[in-house]
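Should a chain be cited, it is by its letter among A, B, C and D, assigned in written order, with residues numbered from 1 in that chain.
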Amino acid sequence: MQVFDLPTAQVYSPEIRFVDIDAAGIVNNATYFNYFEQSRIAFFEPLLGKKWDWNAAGMVVARHEIDYRAPILFNDDVRIVTWIEHIGTKSMTAAYEVYKHWQGTWVLAAQAKTVLVSYNHKEGSPAPWSEEVVEAAKCFGFGRPDF
Amino acid sequence: MQVFDLPTAQVYSPEIRFVDIDAAGIVNNATYFNYFEQSRIAFFEPLLGKKWDWNAAGMVVARHEIDYRAPILFNDDVRIVTWIEHIGTKSMTAAYEVYKHWQGTWVLAAQAKTVLVSYNHKEGSPAPWSEEVVEAAKCFGFGRPDF
Amino acid sequence: MQVFDLPTAQVYSPEIRFVDIDAAGIVNNATYFNYFEQSRIAFFEPLLGKKWDWNAAGMVVARHEIDYRAPILFNDDVRIVTWIEHIGTKSMTAAYEVYKHWQGTWVLAAQAKTVLVSYNHKEGSPAPWSEEVVEAAKCFGFGRPDF
Amino acid sequence: MQVFDLPTAQVYSPEIRFVDIDAAGIVNNATYFNYFEQSRIAFFEPLLGKKWDWNAAGMVVARHEIDYRAPILFNDDVRIVTWIEHIGTKSMTAAYEVYKHWQGTWVLAAQAKTVLVSYNHKEGSPAPWSEEVVEAAKCFGFGRPDF
């Protein structure tokens, strides 16, 4: 686990900005969802390409759940492992584990899941995933990778 | 429901800032958790007083879950109803329903829950809620209010 | 000055969100510009109407300058006075004074100016202000109001 | 200029987060100041060390000015060049040029300056810079580097 021997696309290292820290001196609980947003982009971008239009694509966030285990501080070194739990015709579930380096090891700082829904913005209704998205989601297999 | 005939402390109206809108043209999914943070403060503040030190108090966010039902746009009029589901000795669950005004009525835009844990920052460990917090949590009763 | 005896549109009271506070325990220096953004909207909205499309309108920020005088803390009561310094055919300058309530009086916390440029997004070039915008800018007169 | 042949500490590449984009579809004008905050940290960190306590150090932002030249979009590749204009006993001026890659070249997207003041938080008053800070500020020379 020390090395997170996983494809780059699955291991996102968020920059912890000074402004991400809130009045409690830790990364604000809401900001994790911005890190996850970037994690999903990092996951899909190598497959869909940087020109992929995230709005047109219509990957709408329908649900989040998160369990916080340890706070993240300003200078923490953080890694977020992202994978796809499963994909249906019009939705999929992404999952994340957030690790921080602490006393020479990596400790679990948070675990989370996001349900994404495929949405055709032009028609204003859910729509099946495009083949590209399905291929991208499949790319690393489904479920938590070994690390 | 048109009037949310509830105590002021339970109905928070977030200011939807221009910057809260993201590249998709809607309030970013993470920003809801900042609105909930303010909702909890609005809920407890009349009871605990504006001088209450939220950090010393040690109400730590342990878990969130949210279901998004309808997007929030820049000029939307939004109300968040907050209540306490239940309180234990060292944790409690807050719940929220987010409404937006749309075509003359209020539609449910999101539903969410937060598990809060009592934490003694000096000792670095969970601790029972203070009596003040328990009294405040009890104030409006437990469970979803009628509206 | 205790009362800021000015039209409502010229005195904006930002909500100081918990998340606005940064690792230094004060409102982050960048966040003031979001408050100013809302101040400008509060200034123009009564005149242009809530349906005014800020993007189509093409009020582009070309320049900011700010002097910070006193930090803003989480529970501070803040008022931002906004006025128009002058308006040209394709640009105008807005100015602000930020006050916070402190020890029974209002102290100046910051002073700032913004140069706004009129921009036609369809043509991708600067364009004269619409008459509506000119009327709105003129509404309270030019220069710092007395208070 | 294509290579920004400068020390790493002087060329910061901000991550443009999805949430940094506002309702106008561009990086919000306020967010630049968060990028500058990170630019300053990137500038000083190699010299002062990652354990440097930015709050204790008391580098307080006293003034900003910025001219926006071109908008920054979600997928833009951005570089911020940072230098110290001059340093006094209790203040210093940092300056920045923001570049974005556009049609095979780097275009100037913004120019800005920040006045930083040395502040002793314990005594609640300005104080001379520590020798460490002076050494760090001097490290790359003063004024705009050639590139």
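What we mean here is this: a residue touches a chain if its C-beta (ideal position, glycine included) is under 8 Å from a C-beta of that chain, and two chains touch if they have at least 3 such contacts.
Just so it is clear, the structure is predicted and the values come from calculations on it, not from any experiment.
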When B-D and A-B are ranked by contacting C-beta pairs, first comes A-B
Just grab the chain with the largest centre-to-centre distance to chain D, centres being mean Cα coordinates.
-> B
Taking each chain's centre as the mean of its CA atoms, chain A sits from chain D at a distance in Å of 29
Taking each chain's centre as the mean position of its Cα atoms, how many Å separate chain A from chain B?
-> 24
Indicate the whole-number Å distance between the mean C-alpha point of chain B and the mean C-alpha point of chain D.
-> 36
Multi-chain contacts in chain D, i.e. residues touching at least two other chains, fall at 18-19, 23, 25, 28, 30-31, 34, 37, 54, 74
Enumerate the contact residues on chain B facing chain C in the complex.
-> 15, 17-19, 34, 37-38, 41, 50-51, 54, 74-75
Within their complex, state which residues of chain A touch chain B.
-> 23-25, 28-34, 37, 54-55, 60-68
Touching chain C in the complex: which residues of chain A?
-> 18-19, 21-23, 25, 28, 30-31, 74
